[in-house]
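One chain, chain A, links the two complexes that follow: it is found with chain B in the first and with chain C in the second.
Now for the complex of A and B:
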């Protein structure tokens, strides 16, 4: 069953076509990777799906609901969350508070209820804290929970962003270069974590440059070049396709 | 079990208890009504600035028009009691509703703007309201104002002495601080801080950033409105001059000096600025007899620059930082030591920053 359907999606920036007439589908429970050279339109695609930018043309359907051009918080409410290539953690807050922001949608109490400290508020707060701690445990940051997020080492900040996104318990999670800047050990931990996510009910969209990681964990790969879809298939097919090799993986020197 | 929860309650509310003790102590130690009157004004301004800190410090939205909301509260209360004959308490509530509605309308029009643009838009809105106070002579009495505003009262209980008004105002300050503290420590408070640091990430977490910004803008305007009502029933005379642009700037100054992202900061910021004003009023004419009233703003500017350079988080934040620095340093060292135990773990730099 397809969870996400994208049809003829197009977005121009001035004279540059970042995403050109792109169509593909993502099935529930898959790990789908998007690869391609810098400027191929991978991050633009993520920004379009999450509503941060609006397409010029085309439709995006999630769970058969048209989400094209909706505002980010409405799209998030349907169960889509993401991480960012350039980390967007909430500085000035602790590790656990960051994850608690991710669990924001599990709460209902508004500004006035909070201000007057209605009885439901404290209960809800405990619930959100429990959710956050659960996700911190999954990424192995439980003992760092009270540390200000800005002094956390870079690799752990990446993991924390994933924990924050997971705290919303989205149906679909978009990871934008989660392994960027990680060393081999950290990348392996990350790979194992991502492999677990589909079992927890999440479908994963992944932009990544680390080929070993992609070939290891993804079920399906979409290759982009200059804003268009060049090829899609499983890891084996991608590795053996001449067009892909020429555009991205590099031509073999004989 | 019960003693444990009582102890927890005391710990959580230690600063509140301390605050109440100080308020009572000041009333006992200062028998002179004139000095107590200064503390009434400090209390009134503190309410405005606590609201402003929710907006500026936590949510990161600048308002240079808050004196207008303060004025709207004051004028609404004054007119409803002196000319319509409502009781002060009812007038205060209606004034808060009116101010809230005005703030809502200004908010939905301006809060899509960012930073300097928002500051200018709120400044403009403030000036429009100030001109309204000045020019609608048949309603507001224009620049010469009007009098005959009753003292604040609950039923037959009248607050017509400095001492009783002092307790009235500081009870409101206490409520204002508790309300703000509850918001800040809640899910909504976290969302506001998230909007402040990364609005993009906040919206992707499903936080309706614009809606929350409008809500907190309205709440902070209502804070100003309640303070304005208290002011009107204290002074019992209404004219536009305390609600102009300079007052808006002073509120921002008080908030910044106390510490923007701080619940207790406003108390220190307001006190510091008001004492400084009094100090300048007595000292400057002796040094420079020809100086006019404008010198205050020069000193305020100077102090703001100094505070921003040396204590960017204000008095409270600065002092907290001084004590916290050692703690954070130790934490950072510990984290790095943990890492050092894994030889592979050399920290990569943010090398992908800025790519695509």
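Now for the complex of A and C:
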């Protein structure tokens, strides 16, 4: 069944159409990659899905609920989370605290209890800490847990952002260029990690320029160009499509 | 009185004043870091806390209950203020919001004048007994209550921000609002909570200082401004700075009043504000301005 349904989605910035009349569906448990040249509308698409910007036209349905134009925190509460092309970590907090903020939704205590019941708060704190540590373990940052995030190496900051997103235990996770700035070794670790996520109940949308990574891990690829869908199919089909090669992958020089 | 004793006396007076300034400054800093707004109604929360608790005592409530009820009422008032006044204007510029809060504080003072009149209301100290003699300097018992309150509030806030998930969410919201909202944290709910929390802290400060200073409808103006000076002194985004700024201001004021003339007490505060703003606008502990999302 389809988890995410996008119909006729359109967004203009001034005279520029960043996303033009786009429609596609994403099935539960898939890893779907979005590729295309810079300015093809990939990040705008992510911003539209997560509610950071509102579409001019079209609908976005998640789990059959219309989420078009809802505020980001409402959409997040329905189970969509994302990472950013340029990292958005909570500087000044430690590694594990960052992940704990991601997991805060699993807390049962409301505002008032948090203010008045210390035993309850302590118990919940332990519960959320355990959840956060579990996610750090998955990305291999357990031993860095008490380090302030801003002194973590760049590649590990990327992994941390994914761990924080996972801590929310979203149904759908949007990764915006997760491999940007990573070396080959780190990219391989990242690829293995992403492959594990569908088994944990997450559907993955991925924007990435690293073609090796995309071809290795994605089930389905949507090719965008100038805000429109140029092609969609599995990795094999995409690699052999003449239009895609012309627009993005480039002709092989003989 | 020998100079040493005299200085100790001013120091103790300064610590009492400083405790109150620190609490008000904490209100400014907490609201500023989480919402980006400078809330000049903070001083009126102090006044409302003091006068409401006095009215509650007059209604026959025991003191502890009167204080609890007054803090709760002002807390609810703070939340209502955020919803009715700040929330509709949340997308306005920083200056617009500042002017709104100043305007609203004038309005609150006006209503307080109608409700309570111009007279000053005394309040029983929390514990009776003669002042305490510390190495020849005299300290009111109520001053000790004030210091205790500021220590308890600071420790409670510290535990809240560092040791609870809710506190971390609030901190996250202050650091990166965009990322926080994508974690499902509603910046609007955090703002509401923050105003209510800071109103309650302000109310507590007002109630605890009243047995020393008495309460009047316009007490919030000066206390609010002093709290703002303390917050700026500490860097406006820095909780530790706000506390230090509060105590530093209190001590400088008491020293100036004692050694020069008590008439210059307020002038000293504002001179300090000017000097800090001109020479070190990021405050004593603050970092230079960073980008806000």
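Operating definition for what follows: the second predicted complex is superposed on the first by the 246 of 254 C-alpha atoms of A that agree within 3 Å, B and C clash if a C-alpha of one lies under 4 Å from a C-alpha of the other, contacts with A are read in each partner's own complex, and residues count from 1 in each chain.
The working rule: a residue touches a chain if its C-beta (ideal position, glycine included) is under 8 Å from a C-beta of that chain, and two chains touch if they have at least 3 such contacts.
As the structure is a prediction and not an experimental result, all values here were calculated from the model.
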Fit-or-clash call for chain B and chain C when the two complexes are aligned on chain A: clash
Would you sort A:185 into first (chain B), second (chain C), both or neither based on which partner it touches? first
Who does A:100 touch here: chain B (first), chain C (second), both, or neither? both
Quick one: classify A:8 as touching chain B (first), chain C (second), both or neither. neither
Which of the two partners, first being chain B and second being chain C, lies in contact with A:27: first, second, both, or neither? neither
Applying the touch criterion given at the start, work out whether A:52 contacts chain B, chain C, both or neither, answering first, second, both or neither. both
Touch test for A:86: chain B only (first), chain C only (second), both, or neither? first
A:234 in the overlay: touching chain B, chain C, both, or neither? Say first, second, both or neither. neither
Looking at chain A, which partner touches more of its residues: chain C or chain B? B
Just which bits of chain A does chain B share with chain C as contact spots? 50, 52, 71-73, 76-77, 81-82, 84, 88-93, 97, 100-102, 104-105, 107, 109, 111, 114-115, 121, 124-125, 128, 164, 168
Which bits of chain A are touching chain C when the two form their complex? 50, 52, 71-73, 76-77, 81-82, 84, 88-93, 97-98, 100-105, 107, 109, 111, 114-115, 121-122, 124-125, 128, 164, 168
Across the complex, what residues on chain B touch chain A? 179-180, 182-183, 186-191, 193-194, 196-198, 200-209, 212, 215-216, 219, 261, 328, 331-332, 335-336, 339, 342, 344-356
Under the definition above, what is the set of chain C residues touching chain A in their complex? 160, 163-169, 171-172, 175-176, 178-187, 193
Which residues of chain A touch chain B in the complex? 38-39, 42-43, 50, 52, 71-73, 76-77, 81-82, 84-93, 97, 100-102, 104-105, 107, 109-111, 114-117, 121, 124-125, 128, 144, 147-148, 151-155, 164-165, 168, 177, 180-186
